[in-house]
Amino acid sequence: MDADLNQLKINRNAKQIDAEIISNKKVGPYHHMVFAVGEIAASARPGNFVALSVGGENSASVLRRAFAIYRATDKGLLGGTIELVVAPHGAGSKWLCSLQIGDFVNLIGPLGTAFGIPTTAANTMLIGGGYGSAPLFALAELLKNRGCRVDMVLGASTASKIYAPLEGKRSVSSLTLTTDDGTAGVHGQITESIPRLIREFNTEVIYSCGPMSMLNSINKIAQDFDLVHQCSVEESMACGIGVCMTCVVPVKVNDDIKMLRTCIDGPVMDGSSIIWDKESLKDRLTK
Amino acid sequence: MNSFDFSTKIASKRFENPIFTASGCASSGQELSQFFPLSEIGAIVTKSIMNKPRTGRITPRMAETPSGMLNSIGLQGPGIDLFLERDIPWLVENKAKVVVSIAGESVDEYGVLARRLRAVQGISAIEVNISCPNVENRGQVFACQPDTASAVIETVRRNIGGELPIIAKLSPDVTDIVEIAASVIKAGVDGLALINTLLGMVIDLNTMQPKLGGKTGGLSGPAIRPIAVRAIYQVHQAFPNTPIVGMGGVSNGRDALELVLAGATAISVGTATFSDPTAVIKIRDELKSLLIERGFTDFKSAIGYAHRQSA
Amino acid sequence: MNSFDFSTKIASKRFENPIFTASGCASSGQELSQFFPLSEIGAIVTKSIMNKPRTGRITPRMAETPSGMLNSIGLQGPGIDLFLERDIPWLVENKAKVVVSIAGESVDEYGVLARRLRAVQGISAIEVNISCPNVENRGQVFACQPDTASAVIETVRRNIGGELPIIAKLSPDVTDIVEIAASVIKAGVDGLALINTLLGMVIDLNTMQPKLGGKTGGLSGPAIRPIAVRAIYQVHQAFPNTPIVGMGGVSNGRDALELVLAGATAISVGTATFSDPTAVIKIRDELKSLLIERGFTDFKSAIGYAHRQSA
Amino acid sequence: MDADLNQLKINRNAKQIDAEIISNKKVGPYHHMVFAVGEIAASARPGNFVALSVGGENSASVLRRAFAIYRATDKGLLGGTIELVVAPHGAGSKWLCSLQIGDFVNLIGPLGTAFGIPTTAANTMLIGGGYGSAPLFALAELLKNRGCRVDMVLGASTASKIYAPLEGKRSVSSLTLTTDDGTAGVHGQITESIPRLIREFNTEVIYSCGPMSMLNSINKIAQDFDLVHQCSVEESMACGIGVCMTCVVPVKVNDDIKMLRTCIDGPVMDGSSIIWDKESLKDRLTK
């Protein structure tokens, strides 16, 4: 993540294509969808996302929707695929989930920053809320290959909303589940379990993805323990490619505050640099 | 067909083709250059620049609406110094034609910006965004009253000197847009940009509060196109010799043609770039085909055509 | 849940529920009665009636636009005589609550209409559509200036006498809608109706001429909802005690709730009736469920809720 | 058709339903579509139309589209079907044509006036332009059953655009085709052949459906021959049910001009009462 506005930032690898859907399976409350994306797969890194057009030709939805890449598989000359985990929520995501194999969706990717990887083996903890777990499995694989210990903690309001496919678990050293209603794993909010687990696993680096309020809580814990915290944030995005300035989060840069674009300076950002309490900024922002 | 003349002119400046980006919808062009060479389109209209760096408004800054969106960016930007040092040289190097959009909170700020720009090489025109709250006058938007609108333009005119065309960007949120157009034309603009966004609001049904951090935001996208066409038609009817950069919900060649027939000399594409980074290129190609299909041999003769045939 | 109080009030008049039709989008109710009993909704707001029968504008009178439509009916109607003789008795017989919308080309015409209505039984309110061209003043729309707007309302107030509530229907095509609201409130209205359509135009790409016979038309439908929400929010903020009949692109219960939270005391449904004749019934039921889900025990406490919680 | 505004007019038989598509076949440039409509079929008369929602849930198209009923088949307790002939033209009709068997479309019908039937057997001529032939086949059947002679004349710009299915022809005494480009039948505009055919068949009543300009020309011929002319007109409709006043045509009523709604006082109207030259009215209309 680069906070220096003096340096131009472009998604150098981003391509726009019509991607064919080659699988669309309901998994609990989510849809696991696979897209044929050619060379895009090769340049995707854990933490990147794609922006999809939704609603079809005569749709009242004019904006793209962002989805974290769950997995990218490069097949060389055969092209590659990316996989997404989509929660049917509003008009756009429901439309996506209703698509069939063989349908095409306009896709731009890979976009945004990727998770930073420790230069030496470290004890890492990957924390995901709801569909926030999506980008963590590919990250786990990469970290494991680099010799890191990977402890994964996934939480949701209820058991069915935890997205944790079997094949995703093979790279983790431990997997802890938490549910607000106690239907699976530890009963309680995911953040309640984190301090205990950090101590247990001797965690050095935290990666997180999920709702902003969860990331905020995790960030406090990371600061208490003085840990590096890389989080993938989620703000409303209009363009996904850095031209509209809707998706910003306030970030401390030296003594200054900069509103950085989560689509290009993020979504993966250094948790300690983010100003989580937006209200505290009211006076420094434009009215 | 190769002989079709797609160029257009605003005052003394010629543009290869009439498709521009819209201010605030293409940043300063760098990000879009990943998707097409910027020299392929008529001009890049930069995000409105202010004198000082500016953080902009609190988030959420956008809300999708039926066939449109609200934004409340609050003119976040690097300020004129960094802009001149970093963005303009890059745009020149990348062979983009550049229209610089400026914004101020006071008449003086516009004057300062104009002076900073007067000697800068590589700029084709200045677009003066007067849809900004005037901090000296209860935050009333300059574009909303003929006198404040013309005060800004007079100041820019005086400070810019030379032959750089000045384009005044007007707000549709007024009782009589022709009256505002008249006032800025009298104050010496070379062209008009129509239309800026309309003031709107979305209420979040979960929080039961306005969805945007800034409460209200500007409505853009196809939803507002009929209002853009009407505004362009009215103003072109009143001032057929004043070039108009038309915008508002253009997302394909047919939309662009509609604005051209209403009276637009060039077309800015805003929100459509968010749904498709190469929208400008597609719109350019589609517009050209549509014009050729209709028997036009050059772009200029289509401008305002809907007026010429009317009874 | 059965105890949820869905009723609303405008001045002295009580309505069973807050969902009304919008003027010009339900004629005088007869055609809709094929699809549901008119007594099921809060009120039928009739097509604006003028003093004389009127043929209206030439066709085409409509054009679809992204998430909306333009219309240019030109207030076609039977005139007040036939309306009182034929439509009002039928509505009363069918147990509909009736809000009569009136329109005039001069201040006097509004006065004449008010006198004709003052003694009529079975009317719950008068909605004064002041978005009409004033033939005595270069065709400028009454709703566009505070003085002409209030002149109409004063005349209606004087002529109507008694306790029939007067609702002024405002146009969003103004620089400052709060200023217009202030002027008609001062002139004595009991409520406001917000918003009428926005002036728009579509150009037909085959003929390359304006598509509508009347060239411009009024934009309605979901496309304009963010503008309606903003207008209602602004006016309710300035005049929290003045009831507002909110309208503009409401097509489901969620849309209705948005307008209510912004400050609407009742909701008129226009264009949505064209896409679904029973839209009003669905909107009524959905709105009720949404309010109950959110813990409201009566409709009235949701009015303007988005203001009460703001910092 | 009733021109008296004093009398209330309602589509007494109109119902609103979600109609299932049970067939959708491409026939030349058109789509022949069959909908399950229950009791609506029983009340449909030749000349009536239906109004369909288009574009699906999140569509930018807010208005219904009108389609003439090509055929209505009442199957008693089994419910009934109606058939439409749809020309894929713009967003709405293309969307309709893209639907599959089993999909549902919201439908209101039957709407509007039906063709008037002569009280005694007469020589009738049915003239259709393009998809304007759609409502004429059901009319032909009805007229034949009443003992009328039925001569049908169908025209289009080119052969493929004439919609004249085999089974539709069984009720006609003669069928004449015309094409502007001479690719089928008589070469030339449909209206050029009409006077000759009227003489040949001793026509007493004309029924027509097609573009307004064609109807206008036919009406002039009908007046020259002093024939009754029932035409089905087409104006832009926003509501289809009589509440919006967009769909009007100017009609002479005694000495007055009334703007009658083609969705409820039409689409079938008496050709001689319509004021075909709208421009002539400019002074009598609202500016």
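We call the chains A, B, C and D, going by the order they appear; numbering starts again at 1 in every chain.
Note that a residue touches a chain if its C-beta (ideal position, glycine included) is under 8 Å from a C-beta of that chain, and two chains touch if they have at least 3 such contacts.
All of these numbers come straight from a predicted model, not from anything done at the bench.
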Any chain in contact with subunit C as well as subunit D: A, B
Most widely separated chain from subunit B, with each centre as the mean of CA atoms: D
A-C or A-B, whichever has more C-beta pairs in contact: A-B
Subunit A-subunit D separation of Cα centroids, rounded to whole Å: 56
Centroid distance [mean C-alpha coordinates] between subunit C and subunit A, Å: 46
Mean-CA-position distance for subunit B and subunit A (Å): 35
Euclidean distance of C-alpha centroids - subunit B vs subunit C, Å: 34
Interface hub residues of subunit A, defined as touching at least two other chains: 60-61
Contacts with 2+ other chains: residues of subunit B: 63, 66-68, 221-222
Touch-based graph of the chains, sorted into line, ring, star, complete or other: complete
Touching residues (chain side subunit B, partner subunit A) in the complex: 24-27, 30-35, 47, 54-64, 66-69, 71, 73-76, 78, 82, 86, 90, 213-214, 221-222, 251, 271-278
Interface residues, subunit B side, partner subunit D - complex: 66-67, 222
Of subunit D, residues touching subunit B in the complex: 60
Subunit C partner contacts - residues on subunit D that touch it in the complex: 5-6, 8-12, 14, 16, 53, 60-64, 106, 108, 235-250, 257-259, 264, 278, 281-282, 284-287
Interface residues, subunit D side, partner subunit A - complex: 55-61, 91, 95
